[in-house]
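The structures come next, written out as structure tokens.
Two complexes come next, and they have one chain in common, chain A, joined by chain B in the first and chain C in the second.
Presenting the complex of A and B:
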């Protein structure tokens, strides 16, 4: 029984971090129909910068997310204004090509500047755990999950309680309808892309502690994150949260009762099963299709 | 007065509007009719700022609108209900209507006052305020779309095919809303495929063909026009109407072309 609870708690802790990483990806798709394949590469970029600063200064890597987040917000804004706005209105396929180009550029720069070797930030609490009611809670995963919960909470408040958030959601659901109520679509798209990219600031900092990484790790990460948002429903934040928790639980339960090597297979099997019965994903849109006006 | 002068506009495959000149009188309900592809909806899109004209100008009481974009045009009091899918389907009706006042968002008191007034005027806004807009019927969506436009108390309301997909009861409700808005001082410019319905709601009628105005007249006169009746009303002119307007004949083709 303790073993099961341990696996469930660990699964939720990991799932919380995955949710944060996937939230930016699904937000960007929801608002702009952009499948940002560079999201994984941006996470790895942040992980490398965080690792470098930690190794030189000793500043806590997860705490560094306070610096990395605004930096990534700025980079996201520049990327949208300078590159992605040029394919505004094009098909999602075009965005895959363009962002894949960005991803391999980031990978190439990291290969040259940081070397093609595994890295991992190992702060003092790296191998320490809390013990609660016989359950072991690794400190790094607890801190990572707490940071993810704070950021997801902020994201929820911004999107649901502010005019900026309403404008972002309105643009995501109906861009011409949004224009007709006076929302400046181009500005909202840049803001949404910047916010989505800013989440990699926290996600990448956490990643640098929890997972060893090297420049090409982004292929593995973008596969997982795309899997999460397809399972949850493309463009749905609630879907990303649930999809991420499913992945986290699939990993820990499979590792506990089987082998870690099977965990990814189990996750993709869950995706296929869900899509058989709900092609739009768990939280994908399902509204009246019989009304034209 | 909303004045459209020499407007050329299209979607990249040639101009749909071919030098359109049109004056929409203040306080009137003007209905644009015409065959498919005449450019009726395009007229509304260039006025609302969804489409920027390639040439020509649009002004409202002497103020240029044609380079302002949607937000700027809305700021000048011109709001549009498009032909279809104007709402935010995953949001509640309350959120949809409140977003109609997006340009007023810094004045919370005014926004609340306008919302309360619109909810009083259009009961579905209050009755189903927490329902998702995507689950409404066509008629209910039209009502909410108009409610959303009324949040800015527009001086000009643009309506694209308000009858599209509506049952007779919803149609009566929407027609009444348009008439009420007009009675409150809003100028209405509407496009309608259902010519009889459109002209019966309107005070002025415009026949558009090939991206240009072919005829303008008071709506009653237009309904009495034998050619309009033949082409768009399926037969004889409406009984009792005076036959004042005559469709001019298209220009003779230039020999040798």
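Presenting the complex of A and C:
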């Protein structure tokens, strides 16, 4: 029983972090209809930089997200303006190839500069835990999840309470309609891509503490995140949250009662099953298409 | 990248063919002339393999336009199939080449059947997931695969004096076979269907292309050559491990090769495969080893997508074509030229209605409803179309006419209600099966495959679901002849070899009608046949509709040009807010107060229904779409 509760609690803590990482991916997809395959590579990039700064200065890795987030916002903006905006309007296949190319490039840069081996940031609390009612809560997991919840809350406020957020949501729902009421679609897309990328600033910092990583780890991460947003419904933020919690739980339960090596397969299995039975995901909707054309 | 260009590269003339023959002759002779160039042979044989995989990838991702990012999974599947069996039974792995192809085919078909029913992004995601999950699976089943310790494949049986020469020839022959396979697919109706899917998937389904079957088959076909080559690859490597056999890097290189050479063309991926593998080898030797290879490949992919999205070959052939075109006179194509020769045609709908069917309506819509969120776009429509009639469906904008069309043709799933066509309930059938039953449609905004020629557009429809039909040459024999007749019938016989996108809007509407006639339809749904075209062509359109109707084809017409509707159609049904509010002969319907209210609003309603031409003028002035 304790083991089950332990697994559930850990699953939710991990799910919170997943939700944060997936939120950026689903936001970008919702607004631009682009699957940003480079999202995982950006996470690993942040994790590397965080790890480097931590190992040189000793500043807390999760705290470093305060620095990394604006940096990644800037990088996202530059990536959009310099690269992605050049192919806006061409086929979805090309945009996937482009972000795939970016992902490989980032992996290559990390390979050359940081070397191809596992790293992990290990601050003082790394192996400590809180104990509550016989359940152990690893401090790193708790801090990571708290940071994720704070950022998700901020993201929610930005998207629902500010004009910018409404512009982003309007563009996500109907970009030509949004353009008609005076929203500059290109500007909104750049902003959404920058915000989506900024979430990797926090996500990657947390990752550097919670998981060992090396340059090619980004494939694992993008698969996890894609599994989450496919389950939740691509483009839906609420869906990403629910999908992340479900898959976080599924992963810990598999690791607890099955074995660790099978837990990664859960994500692929979920992707296949969801596409088989409910292609639009839990929160996705299908609307009429002919008006768009 | 476009069809025309790929056709051009195929028939570039004698010079192109001679160049290809010369290059491959040289490649065949190379080991004979320089038997000790072992290193060069090794580089070349891997270039053959890469070209082979790029050509295969091109079948699903170039022809059909569905990008696969994990195509090297089939190399791994083939390699493991051959390697494991050869190790277990200690036999020559090459015996398992056919089996490697079968395993790849089955895996691709199974995965394809799950994801390719849907449209869009799911496929890309699955292709990566498939590759990565195979890595995990092969690692996690050590009892079968020996896990991460890998598999030792038996060593080549030939004397080491021959080095890799046999592999060189094996991969070269496999490459040529793969190119021939892709060329054959491209030439068949199957190939045309794949291009149609790439250009406009809904439209392809509407003209009878079973898009799901086509996509699954294309994915499976693109896996087979790689699966076969994988067995040879295992023999060549003589050692397999999960990470190496299911390498993402290989997938990246495949994509980059096909893209750089020319996606959708026949020889582009071959060229790309050669260029990319040789450049990557050079970067490896002169540019700082394998650490930087990933960086170089990633950057190359980004740069190719941004600056050379069409690929090398199409850019070159477009340049040659432009130079040639400058020397030739361009045929003058004006509307007047079109309005001349139009020849009569016999269109026998595939089967005359049987005796007991003759009494019942051809199309029967019962209580059809469809909601989008809270909006009930179609709200319980009952409508019959009698065999041999020209039935009109009019109504204000937003009354649900096009949605009703989409429900009847299957472009959208029906919310509730039933639709019967010629004695068969069709509301659960996919669009192509409805087309096979003899239900054709045209679109409000024409949707021709713009990069194909007019003639290819007209031969693209598939009147039956037959497998044999898919393997037939796309433009050949009886059908090509029929397509020319149909083009003559709509008066566009001269334009057969023009690109469809080059025609005027009105001409495209006529081509779309000819296209639908290839289905040998019993009934055609016309969505605004007269919308946006000039009066001469409107008259021609009316003439053609009458002509076809006399020969037994029924029509359901959506049209805003009310005088035309009242003149051409009988009966007329009026749709307003998702419901049929009036139905009957034109003279009755145009005096119906409900109809007037629907078009003009209640304040315009006279106390007594006015006879005569009220609706004629008024409706015209309030229309506009």
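Heads up, the rule we're going with is that the second predicted complex is superposed on the first by the 273 of 293 C-alpha atoms of A that agree within 3 Å, B and C clash if a C-alpha of one lies under 4 Å from a C-alpha of the other, contacts with A are read in each partner's own complex, and residues count from 1 in each chain.
Heads up, the rule we're going with is that a residue touches a chain if its C-beta (ideal position, glycine included) is under 8 Å from a C-beta of that chain, and two chains touch if they have at least 3 such contacts.
None of the values given here were measured: they were computed from a predicted structure.
Peer 1: Looking at A:223, would you say it contacts chain B, chain C, both, or neither? Reply first, second, both or neither.
Peer 2: The answer is second: A:223 touches chain C but not chain B.
Peer 1: Touching A:163 in the superposition: chain B (first), chain C (second), both, neither?
Peer 2: A:163 contacts chain B only, not chain C.
Peer 1: Count the residues of chain A touched by chain B and by chain C, then name the partner with the higher count.
Peer 2: C
Peer 1: A:107 contacts which: chain B (first), chain C (second), both, neither?
Peer 2: Only chain C is touched by A:107; chain B is not.
Peer 1: Looking at the overlay, what does A:181 touch: chain B (first), chain C (second), both, or neither?
Peer 2: Only chain B is touched by A:181; chain C is not.
Peer 1: Is A:173 touching the first partner chain B, the second partner chain C, both, or neither of them?
Peer 2: In the superposed model, A:173 contacts chain B only, not chain C.
Peer 1: Residues on chain A in contact with chain B in one complex and with chain C in the other?
Peer 2: 285, 287-288, 293
Peer 1: In their complex, what parts of chain C are in touch with chain A?
Peer 2: 61, 65-67, 69, 114-115, 117-118, 120-122, 124-126, 128-130, 132-133, 136-137, 139-140, 248, 252, 255, 259, 291-302, 305-306, 309, 372-373, 377, 402-403, 406, 412, 445
Peer 1: Show which residues of chain A lie in contact with chain C when the two form their complex.
Peer 2: Result: residues 29, 35, 37, 83, 86-87, 90-94, 96-98, 100-109, 111-112, 116, 216, 219-220, 222-223, 226-227, 230, 234, 261-262, 264-265, 267-268, 271-272, 275-276, 279, 285, 287-288, 290, 293 of chain A touch chain C.
Peer 1: Over in the complex, which chain B residues touch chain A? Could you list them?
Peer 2: It is residues 48-50, 69-71, 74-75, 79-80, 82-91, 95, 98-100, 102-103, 105, 132, 134-139, 141-142, 148, 164-166 of chain B that touch chain A.
Peer 1: Please name which positions on chain A make contact with chain B in the complex.
Peer 2: Touch residues, chain A against chain B: 163, 166-167, 169-170, 173-174, 176-184, 285, 287-288, 291-293.
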